[in-house]
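Each structure below is given as structure tokens.
One chain, chain A, links the two complexes that follow: it is found with chain B in the first and with chain C in the second.
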Partner chain A sequence: MNALEKLFIRIVQRVNINLRELEFDARPYVWDLIPKNQMTKFYAFYGITPDHPLNLQFRHSGLAGSYFLGQCRVSNSLLYKCDVRGDELKKKGDKFQFKNFNIPVSKDEEIVIEDSAFVKTLIHNYSHDPETLEKFFIKDTISTHYANIHGAPSSGCFLGPFSTVDLTTMRDCIIGTFSYVQAGEISHLNIDPGTVWVRSPDSFNFLYHYPLKKLKDYIYFEAESLPQGIFIDFMESRKEDFQRVFDVVNIEPYTNVPTTASLDRYAVIKPKTDIGENVLISQRAYLENSYLGKGANAQENCFIINSRLEGYNVTAHGAKIIEADLGQNVFVGFNSFLRGQPESRLTIDKESIIMPHTIVDIAEPLTIPPGQLVWGLITNRDDLETNSISISELSKINTRYSKGNMFFEGSGASFVSAFQGRIHHILEANGAFFNSLDNSGPGHAQKNQNMSFNTIQPYPRGDQEGLFPTILIQP
Partner chain B sequence: MILRFVNDIGIFLNVLTLKICDRTALYKYLSATCNRSFIVEKYLIKDLMVPISEYATVSEGATLFEAYLALEKAQEEYDHNKYRHRAILILDKNNRVIGKVGQLDVLRALEPKNEQFEMFEDISKFKFSSHFIMSLREQYLMQDEPLIDICKKTAQIKVEDLMRTPTKGEYVEEDTSLNIAIHQLVRGSHMALLVVRKNEIVGILRLTDVFAAIFHTMKECGLDIDSDIDKNIDKET
Partner chain C sequence: MNALEKLFIRIVQRVNINLRELEFDARPYVWDLIPKNQMTKFYAFYGITPDHPLNLQFRHSGLAGSYFLGQCRVSNSLLYKCDVRGDELKKKGDKFQFKNFNIPVSKDEEIVIEDSAFVKTLIHNYSHDPETLEKFFIKDTISTHYANIHGAPSSGCFLGPFSTVDLTTMRDCIIGTFSYVQAGEISHLNIDPGTVWVRSPDSFNFLYHYPLKKLKDYIYFEAESLPQGIFIDFMESRKEDFQRVFDVVNIEPYTNVPTTASLDRYAVIKPKTDIGENVLISQRAYLENSYLGKGANAQENCFIINSRLEGYNVTAHGAKIIEADLGQNVFVGFNSFLRGQPESRLTIDKESIIMPHTIVDIAEPLTIPPGQLVWGLITNRDDLETNSISISELSKINTRYSKGNMFFEGSGASFVSAFQGRIHHILEANGAFFNSLDNSGPGHAQKNQNMSFNTIQPYPRGDQEGLFPTILIQP
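And now, the complex of A and B:
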């Protein structure tokens, strides 16, 4: 047994110790997930720009195929094809508002990953926990394919495939396959697969449970087998397109990108794609035969195929949009899967909010009216009727409401306001409102231009095979 | 004086629950207020229990309806008090008790069992208010099928699908002192205990019988209790 395998065993043990109360054994789920024999096959890489801090430290870790930006420390961990973006962290002197507390940040925040294993996971944003403002920690945690740890400090947790924990501190929790949690703080919870939970204590509480039998067609994960279903098939079918952008050192730049837009060098752009002003296309995004209007963005692991986005559209991490037409200001949440057909297109009218982890998969044409909130599994008009509400109607709810498998309690107006505020913030942070005349409002779309990438390599053989030497990267 | 208020079983159990937690206080209380007898000496488990031969039993594989008929028969044959028997014991092929179906188990069987209704239970862990969860249940039950139809279906359920396997705390040895049995009843909120002799269940010690015994003892020495308590009140004031 080499050092990498010993490390993996150690990580699994630490996670199991944390999850003993939930009687969870991570080993049969993850032992074959990280291809230990491929940990030498892929280089890791990091980005440098004059606009981002640079402080990367790697110790006793495997980092195959992973990408790092900003401030990040990784020790005793295995990261396989992950994205760790420390470019939205708080800076010394910033003020963090939490309820009535205006808390000064005492030093530059950093992402600290210890004793954890991740597969194709995206980690970014910043700690929203007022108790740990300078340290976005992730320890004793395992996450699986296409999970998102977004501004969510974690200790002793397991995340299933395509799950997302968003702006939530989690301790000793299991996040089920394709579940989305945004709840401030959670501990010792076993969240079932297909749960969408958005809670702001004392303000609102939204919950949706997927019908599990139907969800299994899309994503299914059980012990001693790899994740399977339509989502995995979809990702696998486009794997080769990414191979080229990762294999080639000097890739030929895609032309026709406006000067105010940013196209990451590790994104795949296929013909007849039209990119507007202030557009952000992050790495591992995939665009094919599509139009992205002014201020639209395609975040990491997004796929936009044969589709048209009219502008100021947020396509959050992991979302897929296929054969669809989206009006202006349509928000598509994390890991959503929107699939029309060439002869049965999906139309989403302006200012609608597609909740995180929504599946719209249609065989007949479907139009979502303007200003709707949409959630859950939708395959036809009846499903849409059950799994949507107009935003104006939702704003009037002040007690409780349930529809199908969705439950809501609290202030609808606060819920809508929180979502709309966040969408505006995302667009702003991504540079969607950048004005080139006075250079105001620059965001990721402008700052990420002309980024340089360096690669780092693991030990090719021997006891340390697949692990990286201790590396410190600083200005 | 206090006995005037003790005729309500709920109040009595509250008194008992408080006192049983502090055994010394209970002994002191009963000793101080009743010199003529002490319940532990006066009543034995074997005197209070219902012998298993007089209890309602059915074999595994029986339906709930057959279990009810056994209950009815046991009441007619062995007991003139209409509501004494409240549970049915389930026996395996070797006539050993493997489970118990109580009144609450039967009512629980009438509850809807589907994904939607179970989801209402599940959402409580997601911090929804109990008021909301109750309103969801009520809304669902209003639209549920008529109770008579649910009863018909439930009557055909096999007893082993409803029965509860008794926990460790539901067994008591025949020669155990009554105060230990009381402790088990109170701590486990049990309606009855299974009385064991040499690894064999020989009877059922029911809460109602224990209650009657305690109540009777207190009533017997009621005058003393009244006067002692009055004395204590005088001292304290």
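And now, the complex of A and C:
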């Protein structure tokens, strides 16, 4: 047994110890998830820019494809195709607003990852835990295909495929397949598959459960086998398109990118895609025959195919938009799967919010009116009726409300304002409001232009096969 | 002025201070040699193998294309397309034989490079200075196109294009264009262009001067302009063939490489090239329509075109072999330029030694008999007569001997035995004698198989443009 296998075994053991009270054994779920030869085959990479101070370090660590911007530290870890994006790390002297506290940040925030395994995982940015403002940490955590740890401490956790934990602290949790959790501090919880849970303690609570029988067609995962379903098939069928962008060192630049927009060199752009001002297209985004209006963004791992986005649209990590027309300011949350058909397009009118982990999959044309909040599984007009509410109506709710599988309690106005505030923040951070006349409001779309990428490969043979030496960067 | 320019100015100043007694100003020779945008455009790379411990570090340094195997350290330095090959570094406990001394190596040898500028330079291996066995150092030294510092300390030196300093220590020297110096400790010397000088103090002295008027056609360099001539044209015309190997991350493996041979992934192999057992083909080697018999090696930056090498041939760094047939054990030294024509091939019979920096450029067929030592400029049979001696005849010389522009004094037998010993060592180190039955005698040809390459890019913008952050590697 080589060093890589030993490392993986140790990580699984640690996670299992952390999850002992939930009586969960991670091993049958993950042992075959990281084909050992992939760890040798893939190269990893990290970006170098003058804007994101970097101190990338690995120690006794594995690592396959990656994407680091900004400071980093990885110890005793096995990662795999992960993205860890440190381009919104807090700086010394920044102020962090938490409820009534305005906390000064005492030193530059660092990413710390220890004894962790990740599979095809997004891990993003900014620790929102007011107790650990200077550390973005993840310890012995295993997450499976396309799981997404967003802005987040976490600890000995297991994340199912296409699950998301958002703005969060976790401890020793199991997050079920395709579940979305944005619930503040949670610990020792076993979240069922297909749960969409948005909670702000003392303020509001939004909860939706997918009908599991139907969800199974889209994504299904059980012990001793790989995840399967429409989501996996969708990803697999587009895998080859990514081959080219990873195979070439200096890719020829895509023409017609406005000077205020940025297109990551690891994104796939197929004809005829039209990119507006202030647009951000992140790595591993996939765009085909689509229009992105001013200030729209296409985040990591999202797919936009045969679609038109009028502007100031957020397409969050892992979201898919196919055969659809989106008005201005439409927000599409993490891992949502919106699929129209050439003859039955999906239309989403302006300022609607598609909740994270929403599936809209239609065989007849469907129009979502302006200003709606939309969630859950929608395959026709009736489903839309059950799984949406107008934002203005929601704002009036102050007690409880339920509709289909969705349950809401607390202040609708707070919920709406939290969501809208966040959307505004995302657009702002991504540079959607950049003004080139006075250079005001620059964000990722402007800062991520013209980035250097360093690609690194592990030991090709020997006991350390598939592992990297420690690389310290001292700018 | 950005950090890169400041760095370059500082290096030129340091070199000029070191060369003040020789009244030499390096600046007009080198200022335009490193186009600043190339420093940003090129990526660098280094190899990762379990066989060559690495501790690559840069500090405040520039660096363009590179090739590091084994430990390294670079400080305040500007390099450019350099190769620094640390795959023969001494290990703690090794013994170093110097005359009657058998010196134990007290710690692992390190490469140290400080305040240096290199242009398209090879720097190789193993410090032969018995006073600094554990350090392979080069300080504020400027070397120009295709200069080659082989196995070597050096200090504030200036090396002209296609010059070589071999097995050497230098201090504050100017080495002229296309000069080859293997002379032990030299300091404060200004070596004329076209000098071939092999000296072993108290043992022998070999000296040849190129006719400068004729050398000019091949390589010429003066202040305020770039080097020019047949050598430069030859390199330029093949530049594009290298583009592909540098543009692709995972190059498709060349088939038909025997399992005992190795083909560097940054070499260019054009049809129909036939690679024998135990063959080593190094990075930036260029092979076209040629045959390499068992145990032959094609070192960095060499070109073998329309030629046949029967086996156990050394083609040293920068040598070019065109339209030629070489018998077994023929040695072709550094930067030699051997050019036959399709209708007038060059034949070199077995066990001949082509001295470093030899030019054979013929319009009529020419055969060099077996067991000859050959040097200087040869364009026809008469030149060959003047510029060669049979090795057995040379072995008998004990006083002085001169022929054409060549002057020899000392022991011919020592000279021959030093040369043959070295050729044997080169073949051995490169794995030419590897026996796959009992795995005995492995060398670079076996150890350099299946290597990982890490490619790194400098800051793309800002004050640090073209410079790298410090990268420390801790295996």
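Keep in mind that, in the parts below, the second predicted complex is superposed on the first by the 475 of 475 C-alpha atoms of A that agree within 3 Å, B and C clash if a C-alpha of one lies under 4 Å from a C-alpha of the other, contacts with A are read in each partner's own complex, and residues count from 1 in each chain.
Here is the rule we use: a contact is a pair of C-beta atoms (placed from the backbone, for glycine too) under 8 Å apart; a residue touches a chain by one contact, two chains touch by 3 or more.
For clarity, every value in this text was computed on a predicted model and none was experimentally measured.
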item	value
Which of chain B and chain C A:455 touches, first, second, both or neither	second
Touching partner for A:248 - first (chain B), second (chain C), both, neither	second
First, second, both or neither for A:464, with chain B first and chain C second	second
Residues of chain A touched, compared between chain B and chain C (which is higher)	C
First (chain B), second (chain C), both or neither touched by A:256	neither
Which of chain B and chain C A:405 touches, first, second, both or neither	first
Contacts of A:207 with chain B and chain C, given as first, second, both or neither	first
Touching partner for A:38 - first (chain B), second (chain C), both, neither	neither
Contacts of A:392 with chain B and chain C, given as first, second, both or neither	neither
Contact set on chain C toward chain A in their complex	43, 48-50, 54, 59, 246-250, 450-464, 468-475
Parts of chain A lying in touch with chain B, wherever the complex brings them together	183, 189, 192, 197, 199, 201, 205, 207, 209, 211, 400, 402, 405, 407, 409
In the complex with chain A, residue positions of chain B that touch it	115-116, 119, 122-123, 125-129, 132, 135-136
